[in-house]
Amino acid sequence: MMEALKQIGGEVLRSYEEIGGINHLDGSNLPSRVGVIAILEDYQSLVFPGFTSEEPIQRGEVPYQITETLHRLARNLIMEIGKCICFRTRKASQIGSLCVGDSLWNHQCKKEAEQLALELLTQLPELRRKIHLDVEAAFRGDPAAKSHEEVILSYPGLEAISIHRFAHELWIRNIPLLPRMMSEYIHGKTGIDIHPGATIGESFFIDHGTGVVIGETTIIGKNVKIYQGVTLGALSIKKELSDKKRHPTIEDEVTIYAGATILGGETVIGKGSVIGGNVWITESVPPYSRVYNKPIGYVMAPKG
Amino acid sequence: MMEALKQIGGEVLRSYEEIGGINHLDGSNLPSRVGVIAILEDYQSLVFPGFTSEEPIQRGEVPYQITETLHRLARNLIMEIGKCICFRTRKASQIGSLCVGDSLWNHQCKKEAEQLALELLTQLPELRRKIHLDVEAAFRGDPAAKSHEEVILSYPGLEAISIHRFAHELWIRNIPLLPRMMSEYIHGKTGIDIHPGATIGESFFIDHGTGVVIGETTIIGKNVKIYQGVTLGALSIKKELSDKKRHPTIEDEVTIYAGATILGGETVIGKGSVIGGNVWITESVPPYSRVYNKPIGYVMAPKG
Amino acid sequence: MMEALKQIGGEVLRSYEEIGGINHLDGSNLPSRVGVIAILEDYQSLVFPGFTSEEPIQRGEVPYQITETLHRLARNLIMEIGKCICFRTRKASQIGSLCVGDSLWNHQCKKEAEQLALELLTQLPELRRKIHLDVEAAFRGDPAAKSHEEVILSYPGLEAISIHRFAHELWIRNIPLLPRMMSEYIHGKTGIDIHPGATIGESFFIDHGTGVVIGETTIIGKNVKIYQGVTLGALSIKKELSDKKRHPTIEDEVTIYAGATILGGETVIGKGSVIGGNVWITESVPPYSRVYNKPIGYVMAPKG
Amino acid sequence: MMEALKQIGGEVLRSYEEIGGINHLDGSNLPSRVGVIAILEDYQSLVFPGFTSEEPIQRGEVPYQITETLHRLARNLIMEIGKCICFRTRKASQIGSLCVGDSLWNHQCKKEAEQLALELLTQLPELRRKIHLDVEAAFRGDPAAKSHEEVILSYPGLEAISIHRFAHELWIRNIPLLPRMMSEYIHGKTGIDIHPGATIGESFFIDHGTGVVIGETTIIGKNVKIYQGVTLGALSIKKELSDKKRHPTIEDEVTIYAGATILGGETVIGKGSVIGGNVWITESVPPYSRVYNKPIGYVMAPKG
Amino acid sequence: MMEALKQIGGEVLRSYEEIGGINHLDGSNLPSRVGVIAILEDYQSLVFPGFTSEEPIQRGEVPYQITETLHRLARNLIMEIGKCICFRTRKASQIGSLCVGDSLWNHQCKKEAEQLALELLTQLPELRRKIHLDVEAAFRGDPAAKSHEEVILSYPGLEAISIHRFAHELWIRNIPLLPRMMSEYIHGKTGIDIHPGATIGESFFIDHGTGVVIGETTIIGKNVKIYQGVTLGALSIKKELSDKKRHPTIEDEVTIYAGATILGGETVIGKGSVIGGNVWITESVPPYSRVYNKPIGYVMAPKG
Amino acid sequence: MMEALKQIGGEVLRSYEEIGGINHLDGSNLPSRVGVIAILEDYQSLVFPGFTSEEPIQRGEVPYQITETLHRLARNLIMEIGKCICFRTRKASQIGSLCVGDSLWNHQCKKEAEQLALELLTQLPELRRKIHLDVEAAFRGDPAAKSHEEVILSYPGLEAISIHRFAHELWIRNIPLLPRMMSEYIHGKTGIDIHPGATIGESFFIDHGTGVVIGETTIIGKNVKIYQGVTLGALSIKKELSDKKRHPTIEDEVTIYAGATILGGETVIGKGSVIGGNVWITESVPPYSRVYNKPIGYVMAPKG
């Protein structure tokens, strides 16, 4: 057995030399999953003070905690953003580990990372304002919601949108990998898959949420509400279209019920429309429409 | 950068004063996520002895473990239920942190919490009896299930229903937040979203389960089987209807295939019926019906 | 209260004697969840060197790490496989804890476990080759994918297929429980439920993935692409059919869009076909078909 | 390097076969360090309720915690004591792993372990009474002690004596290994090395404590106080004397200052005596003596 | 057994009612051991930047880390100091849990705690300056020390003095318990027992250190060096003398070799003296003395 | 307060610029405490197989564990040794972070580290042989030792010598810092301070051990036994003598009782001698001497 394992070890090693694309051995860093989670936990504790910690926060402690959390968040953001900028640079220049070997580049990456982290953190009060509206939207939009506290403590849709709003700020600043790792982190936790590229307006509410997919170039207006299993997707999957708008536009005040599928970059769901469950839409719909599947009827027969 | 961070810190602090609904700084406790998980783990180890621990349990140890686990569970339940009763009281009286400042109330909350925890724990043998039937139902209902052990170790539907049966006991005793945090915990793990208010009969089986949604006022009979992506939901989402029955009734022996949607508080699926995949139902169906989508046909064209 | 808890403890204990199927107290081991996760993490670190660890791996360290990881993986595999073989043996012989009491059996289980672990590990380079093709397929198949690194770091479909390929190797060697615990582990993380019995060809891509169900006897060819919510399931759920092929066959180059349902052991989706979203198929489809729901139309009415 | 490591591995393996006494590979358990620490932590939390936990204990919780802790402590004690009895039996019968292979013995060990654990736990209130007196003695005996709480929270001598009193109860019941692991645990923490065989009377106080050694057959009366670096040791170290009393007897009300050494099994320090610092004593001392080194004088010269 | 344990539980509970001084059940907090360690780790990371963390600190990160650490340290200090002030107040007024019930007091404690924490943190640069001199003294004073880094990484005496300097700042501000818990934490780690009340001058070096005891009212000048086992203690242990100076004064430039004992509040070791190993001193010694034991000679006989 | 903290932060930062010797901010690594502990735990588990792990090791697993542990140990050793060589190089060349910036050096350090790690690991069987003799010596030397298992599980002296033998192998290969961190790790645990430079022969036994100090250039023969508080130290502490032999030589078969002090690089304790407790020796002693303090007598007076 020992001999066999030794041989297998040799073959695995050889396979690292032969099969290239899935190794990461050149010593330059990728963003760290642990780092991503640390960033998101600090972000959430700043957005929902007193909700995410195990122990009650005393009012007097708040200023200390904000400063502490903010500086740790800044430090982690600069580190992870820096790695992503290095990665982007290497990809662009088709070279290997330029960033590590060439301290000039490294310095450049860091300076840009600091600038971007600062921009991001400056958004915090605005993000809190928006997320507050999202909580309101969830409370108003679900008869089962008994309190704001319940929404914050137990609505996966709220957790997904609050993290999306943060990841999106990274995305629009041209940071690769990091916002995608954030969106996958929350996808894994909630079953809600929002691409960080999606543009989402205020007071957004996702109920239940499992199976929701919102594509990269989706645009969503204000006061939109969607249910579990809704897909806002692309019609075509040709790689060369990756720069085009491939996903739909949802205008203000639209409601989309469970399982509906809306596809295509030129598809616009007009303001105030209601899209019924399981409806399949690939063309635009004028404002204030109610769209539901024609009753196709079902067969009802005595079992047997 | 340091100066900028200091300014951001100030603005975040200001935003805590201005944006009220999403802070929790008054020092009174909300239920703890860590506490919720501790409770559920102790509950599961009492229900499935020997399955949840890493090391095999010796028969001789069982009485010690039951007593130890039961008292820890009691203590944690009293603590978390107590917080929820305080929360409910404060909400009802529209006052802030009454519970903490006024030791009389506090005492009252605790006494009620103890009473409710005791009621809950008294249900344990009965819950075990029901969950045993659920295991049986899963084994019988899935040809792929090779053993009871496989069902207990690897069926997310079983984990969801066993936790639901516990959370439901809290819900019917008018405890807010805590059962919802339990249902979201298992929703996050399994993709199965059962509101703790739902009433579910014996021998219930959910296969695969991802995307299942079962609403607050749903009533489900005995020997019901449902598949992934089934929604038992509400037709209307008006907040003022939150006290009404908004979700359907599923009678005994019903099977509901993947992706079916059944909506409305007055919708009744009659005993022994079979609901086909993707069927959309908003009206009652008599007993022993087989309901499936009319074959709408599909277009089959040579690709190109 | 103390007296009441004592009584409850006694009743729980009695319920362990009365309700048999959900206890596991005879001292013989079941596979350990912690052990399963340890195995999968070592497997993933061998397949994607440098991607799963927090710190960058230096090239020089690789041979040490391969040997260390491989031997730990071998040891854990032998232990967990051994438990499963013991379990299978006990089930087959309808006896209790034979394996533990009878050292002869125990020896036999271990020897077989070692043999199987070795066979499995010998597959590692081949598994890496296949998973490399899966990464390629994902990168080509999703316009939103910006790099191979993004695919490896943030595509749940890739994580699911890479673990499936490993679990499947256990399944075809007749190991119970362990591969199912692996598939449920990744189902819980990704919402993608692939039964370890499913046979899946090269270059397989699942996009988004939440809600995908792939049944035990499914056969999938090369270059197949499926989207979230796709079910490849069984038509009948009679327990006595559990040895038959109950799930469909998907030939090479097939694409299946979100929410489509394909059922039945004799259903074959012919080579190169495209199955549209939400389509419901229970019969075979010839090669190079494009199958999509007949436009049933929807009602569009001004809201009111 | 890989080849060299392989060879080293082979030689280490060979050395396991050749060098026997320091391997432990026959599968029978020794007491676990983790288990020892778990036992001592539960013991301390029962003795000093509210002092050892991070969070304040509410009065109402106390009965739950006592029951929970007591049953966990009982379970762990039975397990670790059981291993020690098996170990003792194997040593006595000069056979290998009898205990594991022969379920009869195993049963016998367990029954005895249960009996002894029960006897031990029955001592708890009496142990608490004695330790309370030790706290009093420390408070009275040290002018620097400002409160009882300070003594409990920060006097290593108190921690050492409170654990000794528990380990001693195991020792006198003929349990090997376990009490020695307890005494070494606290020796490592405090630098105070009390052999679990030592018999120590009420109201015992060790100040500072580092370097104190109290041998196996020492007998200490009531109200004794000793300082750092005191040795109560043996004169002879002949292995064949191991059953004899080899360490001194210290009668009531004795004080022994820092660095004093008292040796020999027949040496008795009479009641009420005071032994000065650094004194070296190998013969008995009558009651009410003050013993101090004759002033040998020291040389005082201008440095140079 | 279960019945016996129940009875034991009852007796333990009764013993909590009967034996008062070693319970802590009234709900008011004592300082937390975890809190003490958190404070000391943050303190050490501020004093020795880059030495205590696992990963190298980049220069650019330093300002973030200082701010983060400083605010966490401030928050924890205020919390633990606050508990100590409450404790002191309760002791002084001979009342129970005044502080918790009476929010006025509570407020007062907190305000004082904030003030004291601020004073303490203001000392940080000065403490760093002093500890830098201690490092220098250790490097100069030990021929075995190869580098400053070795001193910081592996000299227990340096760790003890650096924590003492911090604890002493709390002591002179009349905070009970907390500085004693700090001194016992480092006593447990190093075997060096420095009472936080001791006044210690610049450039202090303790070599090896195990068994060193430095009493509450000791005064030590500059450039003093002491070895393992040195005691600077009290002559009398009458409780009523606890306000007097009971421990010696060591003037500048004194060296005290291993095992020496110097006792008494009026004992002064004059400037520049050298005290030999094992010397026992209870009276003052003029400046520039060399004090060593008169050679008492030893017996050298052929062994037999 | 916030403003004050900001100012303190600024001053701490300034103090980093002004006070140089105790910062470590240039980005080059020092050995990691966590790394040191990982190395020592792997080393101990190779030396005492089955004693250090919580779960019993099955014989069949041993070859896997050896290979796994050995490769992890090799990898960690290379990493930590490499840092030490870099550190040594930088010190020698009086330059800053040469090693990191200049990849040539880095490569050189690594190659040397690999060579040294290999040499060290090659010693493992020989180290095991020696430690086996140390276990024997402890068992024979202490009448209180009841079994070899007790010695391995609870004798701090054995733990100290087994780690010293490993650290010493690093020391003689001119690795700085790492062996000192190892000796301090075990000094903190046991109170036994053996400088890694000390040369110690076979069958060495330290009983109790607290306060033992063995200096850098000490040479100890075979079958030597020493007790707690023994110092083998230097007479002079002049820094310029650091290359000389400053500590004594102890020949074979010597026993040194508690508290004895033997000083000086030319002091030789002849073969077979016995040194009594507290004896102070600065000159050589011929073979087979019995050395004990002349009875100075003590004063025995009625207390009063």
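For the reader, a short list of remarks on this structure follows.
So that you can tell them apart, the chains are marked A, B, C, D, E and F in the order they are listed, and the count of residues begins at 1 in each.
Simple rule for what comes next: a residue touches a chain if its C-beta (ideal position, glycine included) is under 8 Å from a C-beta of that chain, and two chains touch if they have at least 3 such contacts.
Computed from a predicted model, the values in this text were never measured in an experiment.
Averaging C-alpha coordinates per chain and comparing to subunit B, the farthest chain turns out to be F. In terms of the distance between Cα centroids, subunit C is separated most widely from E.
Two copies of one chain, subunit D and subunit E, touch each other, and the residues they use overlap weakly: the shared fraction of interface numbers falls below half. Averaged C-alpha coordinates put the centre of subunit C at 52 Å from the centre of subunit D.
Work out the mean CA point of subunit A and of subunit C, and you get 26 Å between them.
Subunit C and subunit E, compared by their mean Cα positions, are separated by 57 Å. Residue positions of subunit D touching 2 or more other chains: 1, 5-6, 63, 67, 71, 74, 114, 191, 210-211, 229, 259, 278, 293, 296.
Those residues of subunit B lying in contact with subunit E across their complex are 1-2, 5, 63, 67, 101, 103.
Partner subunit F is touched in their complex by these residues of subunit D: 1, 4-6, 8-9, 11-16, 19, 21-34, 87, 91, 176-177, 180-181, 183-184, 187-188, 191, 193, 195, 197, 210-211, 213, 215-216, 229, 231, 233-234, 237-242, 246, 259, 261, 263, 272-274, 276, 278-281, 285-286, 288-294, 296.
Touching subunit F in their complex are the following residues of subunit C: 60-61, 64-65, 67-68, 71-72, 74-75, 78-79, 110, 114. The part of subunit D that touches subunit E in the complex is made up of residues 46-51, 54, 56-59, 62-63, 66-67, 70-71, 74, 114, 118, 121-122, 124-125, 128-129, 131-132, 135-136, 140-144, 146-150, 152-156, 189-191, 208, 210-211, 228-229, 258-259, 277-278, 293, 296-303.
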